[in-house]
Amino acid sequence: MNPNLTTITRSKTANRSAILLIHCPDRLGLVSIVTEFIFKNNGNILYLDQHVDPQAQVFFMRVEWDLASFSIPDDKIGEYFSVLVADRLGMQWTLHFSDDVPRMALFVSKLPHCLHDILAHVEAGEWRVELPLIVSNHTTLEPVAKRMGIPFHVIPVDKDNKPAQEQQQQALLQEHKIDFIVLARYMQIVSADFISHYPSRIINIHHSFLPAFPGAKPYHSAHERGVKIIGATSHYVTADLDAGPIIEQDVVRVTHKDTVEDLLRKGQELEKIVLSRAIWMHLKRKVLVYGNRTVIFP
Amino acid sequence: MNPNLTTITRSKTANRSAILLIHCPDRLGLVSIVTEFIFKNNGNILYLDQHVDPQAQVFFMRVEWDLASFSIPDDKIGEYFSVLVADRLGMQWTLHFSDDVPRMALFVSKLPHCLHDILAHVEAGEWRVELPLIVSNHTTLEPVAKRMGIPFHVIPVDKDNKPAQEQQQQALLQEHKIDFIVLARYMQIVSADFISHYPSRIINIHHSFLPAFPGAKPYHSAHERGVKIIGATSHYVTADLDAGPIIEQDVVRVTHKDTVEDLLRKGQELEKIVLSRAIWMHLKRKVLVYGNRTVIFP
Amino acid sequence: MNPNLTTITRSKTANRSAILLIHCPDRLGLVSIVTEFIFKNNGNILYLDQHVDPQAQVFFMRVEWDLASFSIPDDKIGEYFSVLVADRLGMQWTLHFSDDVPRMALFVSKLPHCLHDILAHVEAGEWRVELPLIVSNHTTLEPVAKRMGIPFHVIPVDKDNKPAQEQQQQALLQEHKIDFIVLARYMQIVSADFISHYPSRIINIHHSFLPAFPGAKPYHSAHERGVKIIGATSHYVTADLDAGPIIEQDVVRVTHKDTVEDLLRKGQELEKIVLSRAIWMHLKRKVLVYGNRTVIFP
Amino acid sequence: MNPNLTTITRSKTANRSAILLIHCPDRLGLVSIVTEFIFKNNGNILYLDQHVDPQAQVFFMRVEWDLASFSIPDDKIGEYFSVLVADRLGMQWTLHFSDDVPRMALFVSKLPHCLHDILAHVEAGEWRVELPLIVSNHTTLEPVAKRMGIPFHVIPVDKDNKPAQEQQQQALLQEHKIDFIVLARYMQIVSADFISHYPSRIINIHHSFLPAFPGAKPYHSAHERGVKIIGATSHYVTADLDAGPIIEQDVVRVTHKDTVEDLLRKGQELEKIVLSRAIWMHLKRKVLVYGNRTVIFP
């Protein structure tokens, strides 16, 4: 009898775990090959979900396993996985550890609601994340950052100075070793060059149910059109404005009684929730981008 | 003491009632003037809701009152209301009675789900409506109509014969004294001329959350775009395709696991509900169209 | 022609307005009488909604009118309305002004999410409210209050000292002229005596979809029961635990994958939104309590 | 190189597939062992989802694979899986084939809405199911069944004759080789003995958001309690009334304006949808019952 098959005790305390996000051309046996790699090296799978896009014939997988008894040291897991599994199968993959602490930069403008909600999550310790800096094109929200002790960099942007100011932003991001950026109602269009440095690592919140009402003033457009439901959309930023891969959306009912101001009020409640959910999923490595869509592992 | 101010007993059995839908330029005292007209003539108000569009400065009102003790005979209410109230205030209004039985025509094509749901409501006696005919461009759903004993008219439509066929449809509608038409996934574009005969009286169901994904194959587009929520929209048909006044919308969550077929399945469940709700609101005189929007009295 | 019937311009800037919340036995002509009182004194109705409970035969009304040209001075409106309208009709009513600034006390314990969300609304100036003090049975959230400059009173409560401590709370509330209290996950049962001083003026958030899962640990119970949807409920506090009039509820989907911790995370997101919506409706005088239910004017 | 690792073409036409539903004590390597069994025998995995209940330490899995090239004949798969995998791991499992056609019995009473919705799905060919008989305690819905050509058995039930009538029902169910039963608003309590013959194979729809408002007249109770949202719940029937494992729930908003009749109307719309979704998930083998809860594989 296989000695591994003794009933094991899953610790209820959060052990360290490893997370693999994989995608590759679909083939026979992929799940079996990956799980065997983990099993043979004494890893206990905590989470596994796979998805196949039948049209594109692409295989996607998220697998998480307990590292307590895993026989490969952390800094060798990537190498072993490459050589033994991934390379010959054409896999693209990223490896993460449950105790990684990604470094997030916030870009804000004048509207405070998303900033407040993010800070509340960070302060409550609900997210495993560092927040070394906030960037803004206005001074409006500086007091909020200050009383939390978070450095707040005011970098005004207009049509003429954008390239220079984006360079200054990039320097700050590099200096602080930023892993991903959240545009918390930043209200500025970020250049394609800027975006290219953070592929699938800039999260935006758009204040409409995309693809309805892209661009500016979506609540005014929604009111004008007389819709009965409004929404908010969080997506990764790409060079195509408001057209990047969608991470999360949610909606709320409205009526003819709702003025544009009411839509704003109801919408901002949605925006903060949808953005915070998207950040949480990003931090938990539950999002896999391919083409212009996302696989969200539940 | 005013003798009218004795406490009255609202009958729990549905008495006959009158319903006025009004809109006009906003002025001081409109509610007071209308309710006094009803009160002075011994009508007991069962429902009153008013709305003012502050931008357009238009006043909207739905008022329903018990006719049991009303002192003006039914066939004179309109005349009296015109002369005493509406004319000098520039009101546009329609008068309805709770025991009116509007006559509805259904236009269908091959998909059965909306037809089935409508027939279930009609057969269960949940709606006060007559359904004297069903029109289709295909024979597919004829057996469904037949076993319910509803005349089913097959009028195939293509690019070349549309004007002639629409004339035939119009003749049928007139012959059967049709009050309003429901396009229950009819899948054909109706001509502007046809629409002009039934302003705000043709109800369509579009299989997307408008204004996202107008036109053909919205579920394919939604899948391609990677949205996390899909919807359905019921609206009055105007000459602008999929751009008429929205009556009702609803949505459902989807994930990357959902194929186009799954979106179709989930979406059709929405379509039938959203369309049936829209028909119910239309029958209950809860919808007031102005410009390209609707006021929906709850 | 009535000179009042000239088309008027509703100012888009928020003029001062008066709000009447009324309920009384249902009779003929109530809407007419109330609106005539406003109209005759040159008030322009901005909002009117009425409701009749056909079983209880009770009439409810919320009416709001512009004071710009109103001929009765503010401090006489109540008296005139009583004498001319309310007394002979047995009306119970409250009168409010749009520029009233109610004074709110927050009661918190250790959980920060509702407190953060409320403070964000207050700081952003989205609510017309004063927040002169926060009361807690723990020191945990004192730093949050401090950095906002809001007095934070720690009043530990246990079984033995509750009467004395509640007296201390009452003294504070009176000293600060508190109009209403929000229990923002306060986690203590408030005595019937305490409640009797603030009828329909203590707002609680319960972390379940009441009446399912009243009492302690509702997320554990929801997980144990295997429900597919969880909820949160904001209600006025009465002597019956978790049984007071419901102001607002909302829900979110969960699955078998969700641990109790996941339910807590998803639920807290709901709690803060549902509670903040309830406070907003209370502040806007949109809530009328009767018996154990509420009329919420949209 | 492993010859299996050539890129394969997933047929877009629905090939026959096998579905395994498994649960067992959690151990290391379970996913690996199961997927290797499939992979080694040339099965291509189309769907895999696993779940571990960390408290109960139970492992759950749903795996579906294409049978086109599978090397074990259909009628031997169960035996091989038992001997090679399941027995030594203490697995409980069921094996299904995608072209199975389960046989469903409907129990109805007087209310038609769920029956209509089920028949519409069956007639449209959306479900892979046989419907050989409908049982009712009333004749009310006989015409609906008749015009569809479905045998309708009237078996009136009262307190005194229930045991005898249930025996007659059982005889019919056995005669028609019924796999599962749907109580489509049957309105009768089924005996524990009857239930014991169909464990996890009787699907009920309860007209409330359980565990709120179990038992009779939930819409009246919801109205009385003044809730702002109502729901419907589909669950497997157990001997504990309205307490069996929940398959699906959904909700809809209501207001103080909604009478009990309005709650009924809105609720029946929910009931039919929630029940039809539950039947669909049951047919697709997406439901695994354990204890009093369900795992729903998405």
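Chains here go by letter, A, B, C and D, matching the order in which they are written, and residues are numbered from 1 within each.
Criterion: a residue touches a chain if its C-beta (ideal position, glycine included) is under 8 Å from a C-beta of that chain, and two chains touch if they have at least 3 such contacts.
Not measured: the values here are computed from a predicted model.
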item	value
Those chains which touch subunit C and also touch subunit B	A, D
Farthest-lying chain, centroid of Cα atoms versus that of subunit C	D
Same vs different contact residues, subunit A with subunit B, by half of numbers used	same
Where subunit B and subunit D are represented by their mean Cα positions, the distance between them in whole Å	36
Centre distance in Å when subunit C and subunit D are each reduced to the mean of their C-alpha atoms	42
Where subunit C touches two or more other chains, by residue	54, 255, 257, 298
Graph class of chain-chain contacts, one of line, ring, star, complete, other	complete
Subunit C to subunit B touching residues, read off their complex	1-2, 4-10, 12, 25-33, 35-36, 38-39, 42, 44-46, 48-50, 52, 54-55, 57, 88-89, 253, 298
In the complex, subunit B residues that touch subunit D	112-113, 116-117, 119-120, 123-124, 126, 144, 147-148, 255, 257, 265, 269, 273, 276-277, 298
Residues of subunit A defined as touching subunit B within the complex	51, 54, 209-213, 225-229, 231, 245-251, 255-257, 259, 292-296, 298
